[in-house]
Amino acid sequence: MTGRAGPVRAAVVGGAGYIGGELVRLLLGHPRVELATVTSRRLAGRRVSTTHPNLRGLTELTFTAPEDLGRHDVLLLATEHGLAMGAMRGLLDLADTVVDLSADFRLRDPAVFAAYYGGPHAAPDLLAEFVTGLPELHRKRLRDADRISVPGCMATAAILALHPLADAGLLGAGEVTVDGRTGSSGSGSAPSAANVHAERSGALRVFAPTAHRHQAEITQAVGVPARMTATGVEAVRGVQVLCRVPLADGVDEAATRAVYRRYYRDEPFVRVVAARRGTYRLPEPKILAGSNFCDVGFAVDPHGGWALLVAALDNLVKGGAGNAVQCLNVRFGWPERLGLEFPGLHPA
Amino acid sequence: MTGRAGPVRAAVVGGAGYIGGELVRLLLGHPRVELATVTSRRLAGRRVSTTHPNLRGLTELTFTAPEDLGRHDVLLLATEHGLAMGAMRGLLDLADTVVDLSADFRLRDPAVFAAYYGGPHAAPDLLAEFVTGLPELHRKRLRDADRISVPGCMATAAILALHPLADAGLLGAGEVTVDGRTGSSGSGSAPSAANVHAERSGALRVFAPTAHRHQAEITQAVGVPARMTATGVEAVRGVQVLCRVPLADGVDEAATRAVYRRYYRDEPFVRVVAARRGTYRLPEPKILAGSNFCDVGFAVDPHGGWALLVAALDNLVKGGAGNAVQCLNVRFGWPERLGLEFPGLHPA
Amino acid sequence: MTGRAGPVRAAVVGGAGYIGGELVRLLLGHPRVELATVTSRRLAGRRVSTTHPNLRGLTELTFTAPEDLGRHDVLLLATEHGLAMGAMRGLLDLADTVVDLSADFRLRDPAVFAAYYGGPHAAPDLLAEFVTGLPELHRKRLRDADRISVPGCMATAAILALHPLADAGLLGAGEVTVDGRTGSSGSGSAPSAANVHAERSGALRVFAPTAHRHQAEITQAVGVPARMTATGVEAVRGVQVLCRVPLADGVDEAATRAVYRRYYRDEPFVRVVAARRGTYRLPEPKILAGSNFCDVGFAVDPHGGWALLVAALDNLVKGGAGNAVQCLNVRFGWPERLGLEFPGLHPA
Amino acid sequence: MTGRAGPVRAAVVGGAGYIGGELVRLLLGHPRVELATVTSRRLAGRRVSTTHPNLRGLTELTFTAPEDLGRHDVLLLATEHGLAMGAMRGLLDLADTVVDLSADFRLRDPAVFAAYYGGPHAAPDLLAEFVTGLPELHRKRLRDADRISVPGCMATAAILALHPLADAGLLGAGEVTVDGRTGSSGSGSAPSAANVHAERSGALRVFAPTAHRHQAEITQAVGVPARMTATGVEAVRGVQVLCRVPLADGVDEAATRAVYRRYYRDEPFVRVVAARRGTYRLPEPKILAGSNFCDVGFAVDPHGGWALLVAALDNLVKGGAGNAVQCLNVRFGWPERLGLEFPGLHPA
Amino acid sequence: MTVQEQTTARCPECAADVPFAEPPRLSELVECGECQVELEVVTVQPVTLAPAPEVEEDWGE
Amino acid sequence: MTVQEQTTARCPECAADVPFAEPPRLSELVECGECQVELEVVTVQPVTLAPAPEVEEDWGE
């Protein structure tokens, strides 16, 4: 689709949470979008900038009760998983374009969904209508997609690390393992005994030792079975994944580097980071906070046979809200970087 | 009182919280105390070491419901403020010696209590029976005290910083201001929107801009009016106070140092820290985590007239549980350092 | 001055440091500036983005040796203090407009400079030519200023907190005290025994107990003597100041609020933050990282007579590089927010 | 050997570093050891407690120049790797018992040493004389060992995680991978561009993507080839390792648990931590700071075939100085917990 | 409607003007943008505000 | 000058193309943009690069 004239009117559903707040930040700064409505059950009537104090002075919006949500051009859903699948039919009546950031429409196979989310899907027939919101893999289909499902934060990082090698046929036979590390915002804003500061601070919490849910998304996207563990680390924002992969015979560092360079040469938000000198040789999330970059790197074992792939991103940006905005840019034919220019900070 | 033969049987009331857990840790390691009971409303029947995982392998104790609490030699109360004053009469029947770590019996004047805690005291007649559990000021009275009220964490630091100068008559006329900084464990273990990790992490939260409650304790102990602000800082444990004081005419650094050295020469748990070289010149809490030290230092303005006093401690140890154990050591005639030998870590 | 057509060619001198890197980030994103040159003694020939890894993919610039620096429209100096004053005459030949971010030209009185910086100024006759780079106080003069000296990070926060009350005549007689708290980037990027991670991490380091240098800048700007202490806190970026001020008779919260609201109503980068509810009631730096906001708030003692003023900013942005860019925007007649739109993050 | 009467006179060589400081802390608190000497090249003549401020008030020792080191009963070497192997012959003349905490005498095979440390060993003939200082594996030999080499911090954790399964024959065929995570104190106290606070803070630095040195120690101890990666995480102290292992046919969680429980039933410093409820289900280092515990846990994939083993410890205690003291306790026939009673803190 | 619409009212806590998007209803709750206090509309002509009863919020440490 | 200018050379470490702003001089040092290795110009016609001798950089923990 080509660009359109007036601003696109958007609503964020579930705007009091962390993904919701990040959507609000990005959409307020987006020159082609008019953020008209932000919903919250708990905080209807309250100012958005009290909950998200970085936005003070930038918006006078107050939260709208979900039942008062009217028609918009685009709905972005930032609700906890399990909600969107039940509400989707009603929501599709309210907008031509719906972008779901929850987990509900990420897996194409309802049986896989049931296995990973502990129950049947509430709208299995809609699953096929959703396009995965990852421009690096699905840019073409996203150009006219009106049901978009944004992948999980660690899944996005792992897919962007693994896909080039898989696609180029450089993976050898054998197991792919994914070790995810995530900051505390990855589990949302609701207080609990596990995320109170004194308990969560300084944690190295192996909360998913054998089969993190995102492994299903990774396998679906990359086509190879992955085993995924995940650890909560000391950070608010930020995700890093380490993928250990077998390499096909004779694949060395130069071949690996060539694949990544070619694959991501024109991507606006993926950088290949695999340096031999300096302090920041492989991707790290801390310099990515607030930015839409996913940094991807690799280290090939000098004796050959396997490599460690490393990817990092901000879970709330490229791992969620920023990626959703990038999808909108693709969908509406806008420049893909629009509203997503912030590069991240150093030092940080 | 002189030493006694058998172990003292102790119970911790409110042992699922942070002060309660620290009492459990210290009493389990105390050679003269038998920790017989730890109560919790919410967790009765559960293992103490599930809540306080540092104690795994050290105790098989489970939490007891408060209503099942029987007779002990000593009760240590670690409940949120407001509870002990109502329950005190009943508790006094259960033990000869009661040490209250909550705020309920710290202020001798019920009117001051009411002004600072927003309501009348439930047992004003008992207030006078309590001795302030601060051996540095009240060691003699503590030797046979059976109702002991341990001061607040920031109050303890401020009192130990201010008292020597006040006592020696070195304070000038004018306002004393106290700036307290505290880690997140200072507000207890109950999750809330304000202390969820992503919100509390990296905070510099001026939560008491004009009159923190501990200023009433400071004024009571030091005899000069104090104005106290308080800020939550990025730390789990640790308190630091900065006291800005006017000095009497002619008081210089040498005179100040002499007072502190004399005052704390024989104190087992107060160290005078005011160095002119090195990285750690004035007291900092990070090297005190787990230790019962309160470090006290000062800097006299080169042009005279005022000084900055600095004190640091671990809010859960010298600012609470450790101080309570030190009081027990005094009360039962044991060596004052018993069970409190851990010096803190460097680096930390 | 009114706007000009072509881009302004700028050079950053001392671009390998933290202020230098932040200038590079902001100028690369500025639509009216062409960043032509970045100098470094140590790293001449090396890529700028190896030192500042957030800028990977955004620039191919390499560092230039200082002796190879040629003519530009604007020079921005980010060298350690003491360098600019000696080099200034030579630098003034290389550009019409020079913005110094170091401390060398902040104090108008050479005697005050000597007292605070431990030696005579190397170019005292140039001091009067510099305009203080704080648009909130000097916007008019900055419109055609070609020698601009950007104030210190904590000084900026304190001045923006104090100036409205002083200007409105609401300060009472008596001492103003300033308590500054700063992250580790405030002392630059050179490794030392004091800022190695294991020592600096979790610090509450009272490194300036009696007279931090920025107090001279505050006194110069606000016209009242200030006593300033400073503490290094656990953070990379971020400054917060607490100013305790006496209030003139009868000044209450409503009067105070009215002054701040009026004073900062049209300021693009100062927000008044003094809420009675919510988690973020007074200014905190963590939500300001990367942003050019200075948040300013206050709490008036309910019994009257004094107030606590609180201000927060990112030391590298509004406390340095961002403020410099804002000055350029004023100087060249561009919209004042240009290139400075990033609002900061929540959670952070 | 059985216990001896008088105190053992000990010297710490390299006492200004982090491992050295931890040895000083532990030996000062050890009832059977007299810490007579602490050496430092750089700081000879300076007070030990200026460098290690947690020890203020606990020792009046000053650093001794290495060349002035005289005879002692025990020498503990805490120098950077590469030093001990050259100096060992001279040091063996100065004491009957030498405990080396550096990497120099950990590997029995000089060829392996050369491959991992980039050069030939300076005293290959001495390698066989050293007993690995890991009581859990070598308690019997340590009882009369006079040359003890303490393993690396991450190696200790990985060996304690892997050895029970390997020993019991429960490992299947296939690759063992070890993912180590370490705090900043693991790389010592010397300042560098990589460990300055603003760079190292919040890091997730994959500094050893393919073959960390400790993998040679792990393979030597466990008998299976291991591939080890390592990441620097935000922490000062603390190490965690995740080992992904293939399981022999039919090995399930119950069998795994049985092996660990049996293996570590009587170990004073290894706890099996693999809970299904609570916040701390698998080992985490933050509650172990200062303690000599190594917590070991596991999660068996519900579909069988592999398990994730997790171990955590304080790199300076069980990962170094504490382990060395435990070895001394074994060697001199003292109770194995002596001087190592501190259990760690919660919250932390 | 002929009633003249009042678009702001004064916050009783901090004296700031609190704007209304539409004519307020009695008992409606609004939040003051200046001090974030929750306010209740207690009269509508003219519009006056009073602090809404609050669940005691614990912010202490 | 008639010498044809070569504007890039191959990094011997990672095979990336390393660009030059101007004709390189012998022994000049350049940094590979891909892998950040420091390279020395060892011949100029054609331009070839070799890893520059490095002070051993300690990056370990």
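Per-chain numbering from 1; labels A, B, C, D, E and F assigned in written order.
Convention: contacts are C-beta pairs under 8 Å (C-beta built on N, C-alpha and C of every residue); 3 or more make two chains touch, one makes a residue touch a chain.
None of these values were measured; they are calculated from a predicted model.
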item: Pair sharing more residue contacts (C-beta pairs) when C-E is set against C-F; value: C-E
item: Remotest chain, chain B as reference, centres from CA atoms; value: F
item: Between chain B and chain D, centroid-to-centroid distance (C-alpha), Å; value: 35
item: Euclidean distance of C-alpha centroids - chain A vs chain E, Å; value: 39
item: For chain D paired with chain F, centre-to-centre distance based on mean C-alpha positions, whole Å; value: 42
item: In chain A, residues with contacts to at least two other chains; value: 18, 50, 185, 189, 193, 198-199, 201-202, 236, 275, 277-281, 347-348
item: Of all residues in chain F, the ones touching two or more other chains; value: 36, 38, 59
item: Interfacial residue positions of chain D with respect to chain B in the complex; value: 18, 21, 25, 29, 50-58, 185, 189, 236-237, 271, 273, 275, 277-280, 287-291, 293, 295, 341-348
item: Touch list for chain F against partner chain C, complex; value: 19, 29-31, 33, 36, 38
item: Touch list for chain E against partner chain C, complex; value: 13-16, 34-38, 54, 57, 59
item: Contact set on chain A toward chain B in their complex; value: 18, 183-185, 189-193, 195-202, 236
item: Chain C residues touching chain B - in the complex, by the definition given at the top; value: 177, 179, 181, 193-194, 198-199, 201-206, 209-211, 227, 229, 231, 233-235, 238, 240, 242, 244, 279-282, 284-286, 299-302, 306, 308, 310, 312, 347-348
